[in-house]
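Note that the chains take the letters A, B, C, D, E and F in the order they are written out, and that residue 1 is the start of every chain.
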Amino acid sequence: MRMLVTRREHFSAGHRLYNPGYSDERNAEVFGKCSNPSGHGHNYVLEVTLEGSVDPETGFLFDLKELSGIIHKSILDEVDHRNLNEDVEWLRGRNPTTETLAQAFWERLEPQLPAGLLSRVRLIETDKNWVDCTRD
Amino acid sequence: MRMLVTRREHFSAGHRLYNPGYSDERNAEVFGKCSNPSGHGHNYVLEVTLEGSVDPETGFLFDLKELSGIIHKSILDEVDHRNLNEDVEWLRGRNPTTETLAQAFWERLEPQLPAGLLSRVRLIETDKNWVDCTRD
Amino acid sequence: MRMLVTRREHFSAGHRLYNPGYSDERNAEVFGKCSNPSGHGHNYVLEVTLEGSVDPETGFLFDLKELSGIIHKSILDEVDHRNLNEDVEWLRGRNPTTETLAQAFWERLEPQLPAGLLSRVRLIETDKNWVDCTRD
Amino acid sequence: MRMLVTRREHFSAGHRLYNPGYSDERNAEVFGKCSNPSGHGHNYVLEVTLEGSVDPETGFLFDLKELSGIIHKSILDEVDHRNLNEDVEWLRGRNPTTETLAQAFWERLEPQLPAGLLSRVRLIETDKNWVDCTRD
Amino acid sequence: MRMLVTRREHFSAGHRLYNPGYSDERNAEVFGKCSNPSGHGHNYVLEVTLEGSVDPETGFLFDLKELSGIIHKSILDEVDHRNLNEDVEWLRGRNPTTETLAQAFWERLEPQLPAGLLSRVRLIETDKNWVDCTRD
Amino acid sequence: MRMLVTRREHFSAGHRLYNPGYSDERNAEVFGKCSNPSGHGHNYVLEVTLEGSVDPETGFLFDLKELSGIIHKSILDEVDHRNLNEDVEWLRGRNPTTETLAQAFWERLEPQLPAGLLSRVRLIETDKNWVDCTRD
């Protein structure tokens, strides 16, 4: 049997999809209204899943309050109510698609967690669109 | 018996809470992280309620497809994937709080609908915060 | 202070919007895809709200298990997994719009409840469309 | 036009429905499984609605962060992860039905808010059952 | 790291569970109220997941607007507001259980997508029941 | 192609996190407010997923009404509106964390189902926290 625990968090942020190597026309063509110059934003939902074994003493795979603290410190404190194109140092130069963000969040979280524990990062941009990064 | 029909729509937009008559410190104090200079955004949910009588021929109080068309044309086409501080002419000079937006949406919708039909505009900014404008 | 209690129930049913006094073209024009001849269906959500005073002995305005029983007996047992155009005697000859159904459900529920207690019937057809019948 | 703002909060608590003036049989009969002696619990959702006018300077009817603080201090800090029959002084001797709790929460909140502002307290016990206390 | 993107869509349809090789009694026994002769229906939710690598130029694994277009053209345009037993050529002769529908949707989608990209089709019939088809 | 079906059920229960081998201080430190002595509770959501092949005669992987019956009999009838520390024989002596409960539910369900069919048990404690037990 495999055991996994998940913590769900929320943040709101602004962004604009944009490739600086593209012409304005190309950006509009590829990214549509997501590329509007003054940006828009979303209520993002972030789900972080850990896989591991349960500590027989506590009955926890991982303390979810501690996981929440790690998510806040590594990610939410830096992206919540921020503009993802401009305000976040470790996102600079990256086009903030949901894929790019989920991958960046994985990279932020993994070194903060015991090796091999992080199993999945799910980032939900809207009720209709989301991305999963999972361990291979 | 009173009859009401409601249509729910969605849009995503960017905004920043900001009073130009305030100092930067005062803006930060009053609006907190909602006032971060480069803005953020939300997945807004907009619910429009009409009150009236049911047409015995159609069984409709109002055709909700038509209502959806009116909401799109008056509001969503102009605010979806836009920056509410900068991109929308009829919001210019207004601080885009949920209250202000709901009121502005009411003002946009009412002239498009038969007199007295509009009963409530609900604007949901996040799962934790929303505003209702209702007919007195 | 006014007190209200609400019970939410679910059912799934088939229907077709259709006025037998209309031509096929007129039905298609007014009801669109909702008028497709072989019908479609929905997962309906039904919310029933009672307004009254709280019994100091029980702390209940009304026993919600009893209310659920009344809703099942008067409505759900007859409409769940049924075709609303064909299977339900007390809907026969009525075009099963959300408005018509909500009103019919009100008429079914009211005589089963103490006088004046029924305050609102909300019928949700989809996440985007719903109807309220409320006491005047 | 009337303006209302709502804040939604969450807490988890244990309770048991029980009237000490009833026999065990009568408690079981009236309250069913909700009266099981060692108690059970819920993830409650609490929605607080204020009605008033919008401050033209801030665009706020009321600062929802401040409202959240008041809800936490008056209610959540005392009931979250608590047993509602035993741990909360201002609920002692009251049978913790959803009706009783909603009314007690109204009484806790009102003196903390400007006169006349509190419009509704909604307490959701489960997805199927909730109670509203509204201003007359 | 594996990357997956998901798109969620909605449709409403009618159906009846029924095996023509069974007697009426056997159909009623196996399929219960889902076999009522004049049918019922659901608000279905369809989630389509693709797995692949992210294009470094766009930051997209796949353009979700394009995926939505493919889902509409291959599936939704044919099933939305239709009767799944009667109206859809490529479902004819199949008993429209959630399992059968999910499999049929997979078969419709796969040839429209780059080889190997389709990872999962989830079809949600109600909040209580759903089916996943996943790549082996 | 792999096929999976899922059934979602709900129950409400009380619990307290507590290791009898810990001092009171250690319990408070490890389990925080979840360890409050008189307990609290949750509206739990339980999702049970089966993986297998579809019966060509019925179009079912497994009859979800039958699965629901098994879940009720093995689990819900014993935990719903109960205290998980005190009332359930097969949980006695186990600290009722979400991990422990999910594992115990797996152990209850598996012998009731055809060999190899049970694929996942998901137990959702709140909208923010859940646990998956999956077949290796």
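As a convention for this text, a contact is a pair of C-beta atoms (placed from the backbone, for glycine too) under 8 Å apart; a residue touches a chain by one contact, two chains touch by 3 or more.
This one's a predicted model, so the numbers in the text were calculated from it and none came from an experiment.
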| item | value |
| --- | --- |
| Co-neighbours of subunit E and subunit A - touch as defined | F |
| Counterpart interface for A-E, drawn from A-B, E-F or D-F and sharing over half of its contact pairs | E-F |
| Subunit A and subunit C: spacing of chain centres that average the CA atoms, whole Å | 41 |
| Centre distance in Å when subunit C and subunit F are each reduced to the mean of their C-alpha atoms | 34 |
| Whole-Å separation of chain centres (CA-atom averages), subunit C against subunit D | 28 |
| Two or more partner chains touched - positions in subunit F | 127 |
| Every chain pair meeting the contact rule | A-B, A-E, A-F, B-C, B-D, C-D, C-E, D-F, E-F |
| Contact set on subunit B toward subunit D in their complex | 17, 19, 21, 30-32, 94-100, 102-103, 106, 127-136 |
| For the subunit B and subunit A complex, residues of the former touching the latter | 10, 12-15, 33-34, 36, 38-43, 80-83, 86-87, 126-127 |
| Residue numbers on subunit D that touch subunit B, as the complex places them | 1-9, 49, 54, 57-61, 63-65, 68 |
